Each structure stands twice: as structure tokens, then as C-alpha cells.
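Here subunit A shows up in two complexes: once beside subunit B, once beside subunit C.
Showing the complex of A and B:
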């Protein structure tokens, strides 16, 4: 059934018993492209005469550092690899359908589920490392011990929401564009595609900020005066 | 009415009704942010960031409804197609 393919993965080939879906292949291509850009951009770094490409990369890195510093209230060196990679990967995935024929991997709940699990485990491991095991477990009793079930439930629902929000937004936009293309011809879907650029950037930004907020909250580094 | 008809109908109802609450909520949130921006234009960075995070939280409710609707339409466990 063709309409089922919008939710289920399209299997390209099999490695032993494991089916490899189309979005996994797309993910590999995106990974290769990102690594290639990073390798190409950092090949000839110069402090006195930076190339245009180096200036663009420095703008991106500076934007991410400012974001981490503002949201988490901590120095960004430790978190920049994880948070920055999340942002760059999600942005590339969300903007990949602008190339004709490419389907965004983030439109499938498997990809975003993996990203959500990475955030989930990072939150707990960094929280335990920062506060110690007992100190971290004690944060679940705040403000009083009655909140213990709610805090535990909140851990799972916020990770689930993180995962479903990204996949739902991207997938629904893909469906909208498909429906509009099916309804009306040639130039009508272009505004919707332009809107999908905005949606992709905003959703990547939101995912990154929420990941930073969760990690910062578990570590207790968030400055509560300036949320 | 068979299961397919009820599923399609309830998917439409789920998205339609589920969009009302988040729509009102996002309207209130954006109106509050606009008021805050008019009073303190220098706090644009903090307000925008907090607004985006808040909007994402509100929007999650509508996305949940969308997921339910898509499950009913494309992955319905009670329809054996």
C-alpha cells in the first residue's frame, strides 16, 4: 500500500536479518556531507586572513556557543559537541527535502526517537556526574516528596514529546505539501515549501534549546534569574 | 457504520477539536510576548527564546492529536487491510 509508506519505513536492502530503510541511507549521506563540510572547512584555518567559508563556519559555531551560554548558563566547551551536532544534523535533515526526491529522515519517528534517547541518557549521566548519584536522585523529591511520581512521569513524557514534536511537525508538512501537489498543479506548492524551510529551522532550534534546557536542568547550572 | 468510516471521522474530529485549544493558547502567548516586546524592546533575545520554547510546549498538544489522527488513518490496529 502506497499510503502506508508515509508512516512505515521504505526498505531499500537488507543486511542479514536487519532491514535498512530509505531514511537510514539518507542519514548516512547526510552524515557524509556534514563530515565532508567540516573537513573541507577546517583544512586551511587562518586567524589573520580567514576565507569566506571559515567566516560562515565561525558564525554557526558562535551562534551555537551563544545559545548554550544563554540557555544553560554554563561555559559551552563541554556541551558544544553534542548540542551543536544535534542542531546541525536536524537542520540538515529538515532542509534535505528541498532537494527533489529526498525524504527527510526526521519525518520518521525512528530517527527522532534515537535523538530523543541520546538526550534522555545524556541528561541522566551528566546529572549524576555533576551532583553525585544521591544528589541527583534527591532532585526528584523536589519540591516535596509528593511530586516523585510526577517527576518520574515527566522524564518520560518530555522525552516522548521531544521525539513526537519533531517527527510530527516535519511529517505533517511533508503530507501537506503532498496533498497540495495532488490538488493543484505547478506553482501553488511553492509557498508551502518556503514555509517548510521556516518550520524546519524553528523545529531544529526548539529541539536544540529543549535539549540544552533538560541537560542544564539536570546539572543545576541554569541561572533561574534569566531563564 | 463500519470501523473504517468511524476511524476517518474520528481522525478528522481529533485534529479539528484538538487544534482549538493550542490555537487559543498560542494566541495568548504571542499576545503576551508582543506586549512585553513593546514595553522592553531591549529584551528581545530572552523573550523570543522563551516564546519559542513555550510555543513548542503548547504546540505539543496539537501534535499529539495529529499523531492520534495519523495512527487512526494509516496504522489503525482494528482495520485489517
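Showing the complex of A and C:
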């Protein structure tokens, strides 16, 4: 295991020229856990006599559908794989440090950067599909053409802010807990770890909400200029 | 800050794969079962709505039936009231007619009974008057009255043709009340002999039923003049239905087929 140039990034193994970092391996584990839970919970679905686990999964999916419907003002079927997976993945990543020895992938800017880029390209692709190329480009001239540079710059800065906010919050929280553990001992950081649950949920919710708002604004289903 | 592009690309790929897997194993199955449940719920709701509509229809039919029953009851009640009123009127009219008939009959009976009672009372009054008269006349009468009545009989006999009386009967009984003395009997025997002849045997008897007066009794002829006859005539005049009961006429009477 070698240290990478990235902040605290560790390369677990390397496939040819491709270094496989710890956050990637952790992501694979999280993916396996999420897919395993989904498979286990949906293998015996019943419309009339649902199990408790099925009810929990339906509540989670219903919450995500309501979030999409409320924020974007659109039917959730098309956006659920992106928005829902964003929320579930980020929540799982943010809460993974509760397991001792696990480093959250969202504390690495590569992970949040990948999510930010996905949101960035999704926003523009759906905006062009919904409004047409000229129609979408015309939105950069609103309210006047003077705002064109600011609008272009805003596209990049908000995506950058999206990925840095998540990574910075999670990474700083991890560092804080590590410092407190180093200074005060084993049980003192427990309140901070409880706080990390709240932080993890809030950050995942913020990232998901912002992604939904960006996508909805690009598609014109919501007015992002409204204060 | 350095960004590992390989790591960024791998995480992007990982996220895409995760999204596909979750769509395959979570979102789609959950959406399908939710859709099935929604369909079941809609089916149940439709069935419930249909059942509710049926119940509502039944309720309307029930209320309609209740209203019809109420209307039928009102109609039957009205018919019954009208029938009862008609019967009551008929019963009252019949009772009034029967009462009128009964009252008329009773009134007639009362009139008849009153008339009969009045007649009976009158008869009783007449009988009482006659009894009183007979009693009083019996007390006040005497030989003078008898003599006077015999005189009247003789006057009557004098008006008769002599051949009708003379020698016709062998015996003549002279009944008087009160009885006559021997001198008076002899006087009257000679007097009567002038009318009936010397051969006729003349006998004198006393008859209290005469009250006062005399009666000449031939075997086939009776000539009578007494208070009894006068009272009998008065009774006949006052009580036409009573008949002559024991008293003779006021004037001298001859009761055979030859005398008038």
C-alpha cells in the first residue's frame, strides 16, 4: 500500500497503469453492500403482505421520489436512478466511518469530483435535450447578455463548490475526530461520531438537493432565479 | 491540491454501475410492486366505490320504498277514515230513523194508553158516580117515588090499545122497591085490573135491584120504570162500550116483541 499524491490517498493495488486507491475499494464494498441489501430486500416482494424490510425499502424509495417530485417538479421515474443513487451512495459513504477502520470515500475529492462531474454533464445533457441546443445556450444570456461570463463561470464554480463542499466537510470531520481521539482517548470522540451521523446525512441531503435543483433548473422545470 | 484522474474516472464508473445496479435491483422492483399495490388499491377502491354506489342505490330504494309505504299508509288511512265516517253517518242516520220510528211508536202507544187510561178513568168515574147515585137513590127513595113511577107506568099502559093488554096473560107480577103495603097493593091491583082485566092474577113482590120504582112482569112482557133503568140509561150514555148492565131505561119499557 503506497501513498498517493492526493491528500491521504492510499493505493491498495495497481492494475497496469491504473492505481486502485482505498476509496475505490471502499466504494466497491459499499456498492456490494447497497446492491446486496437491495437484492435481499426485493427478492420476495409482495404487494399485499410486504415484509418489514420491504416496507423500509419502500419508505426510502418513496422519500427519494417525493424529494425529486417536490424539488424538481417532475415525475421521479427518470431521475430516480441518478438522484436516488446520489443520496444513498453519499449517505452510505458518509456513515461508513462509523465502522472502525473505514475511511469514507466522500472524504476524497476524486469521489466527490466524479459525482460533481456526473451532475455537471447530466445538467447540460438534459438541458439541451429539454430545451434544444440554442434554447439551452440562450439561457446563459439571461437575464441579459452581460451575464454570459458570469453564467458560464457559475456553471463551473457551483460544480466545483458541490464537490469541494462535500469532500471538505467529510474530510475535516474525519480529521477532527482523529485529532480528538489522539488528544483525549478512545471514548471522548463518541459525541463527535454521533455528530458525524448528522453531518453525513445533512451533507448527503444538500448534495442531492443541489443536484436536483441544478438539473431541474437546466430543464426548466423549476426557476432557479427565483429567490 | 492534486486530483487523481484515474481515481476520479473509476469513481465515476463505479457510480454509474451502482446507479444501474440499484435501478435493476431496487428502484424498478419497488416501483413495480408499488404499481401493483396501487392497482390493487385502485381495484379495491373501485370495488368499494361500486359497493358504496350499490349501498347508496339500496338506500335510495329503501327510502323510496319507505316513502311509498308511507304514502300507501296515508292513502289507506284516508280511505279507512272516509269509510268509517260513511259508516258512522249511515249508523247515525239508521239509528235516528229507528229512534224516530220507536219514538213514533212509543208516542202512539202513549197516546193509546193515555186514551185508554182516560177512558178507564172515565168509566171508573162513571161507575163510581153510578154506584154513588145508586146508593144515594136507594137511601132517598121511598114509597112516594115508587107510587109516582107506578103512576107513570099506568099512564104508559093507558096509551096502549086495550086489546093488546087485556086478558092476554094469566099472571102479572108487580115488582116494586120498596115493597107496598096491603092497602096499597089492593089499590094498585084494582087499578091495574082496569088495564089487564079482572081475570089476570096480580102478584106483588119486592125487588131491591130496582133501587126505586116498579116493574110489571108478564110472562112474555115486562114493563119497567125504575131508578135502575134510569141509571142504566145514564151509564149507556156515558159509557157507550159498557152496555146496559142490570139497570133499566128511564122511561117505562116494554121488553117483548109486541111492545115498541
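Heads up, the rule we're going with is that the second predicted complex is superposed on the first by the 215 of 227 C-alpha atoms of A that agree within 3 Å, B and C clash if a C-alpha of one lies under 4 Å from a C-alpha of the other, contacts with A are read in each partner's own complex, and residues count from 1 in each chain.
The rule we apply is simple: a residue touches a chain if its C-beta (ideal position, glycine included) is under 8 Å from a C-beta of that chain, and two chains touch if they have at least 3 such contacts.
What you are looking at is a predicted structure, and each value in this text was computed from that prediction instead of being measured.
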item	value
Touching partner for A:89 - first (subunit B), second (subunit C), both, neither	second
Subunit A residues touched by each partner, larger count belonging to subunit B or subunit C	C
Contacts of A:144 with subunit B and subunit C, given as first, second, both or neither	neither
Touching partner for A:80 - first (subunit B), second (subunit C), both, neither	second
Touching partner for A:49 - first (subunit B), second (subunit C), both, neither	neither
Which of subunit B and subunit C A:114 touches, first, second, both or neither	second
Doubly contacted residues of subunit A, that is, touched by subunit B and again by subunit C	4, 6-7
In the complex, subunit B residues that touch subunit A	45-46, 49-50, 52-53, 56-57, 59-60, 63-64, 66-67, 70, 74-75, 81
In the complex, subunit A residues that touch subunit C	4-7, 9, 17-21, 23-24, 27-28, 31, 34-35, 38-39, 41-42, 45-48, 50, 54, 57-58, 61-62, 77, 80-82, 84-85, 88-89, 105, 108-111, 113-115, 117-118
For the subunit A and subunit B complex, residues of the former touching the latter	1, 3-4, 6-8, 70-71, 161, 164-165, 168-169, 171-172, 202, 205-206, 209-210, 213, 226-227
Residues of subunit C defined as touching subunit A within the complex	1-4, 6-12, 14-23, 25-27, 29-34, 36-37, 40
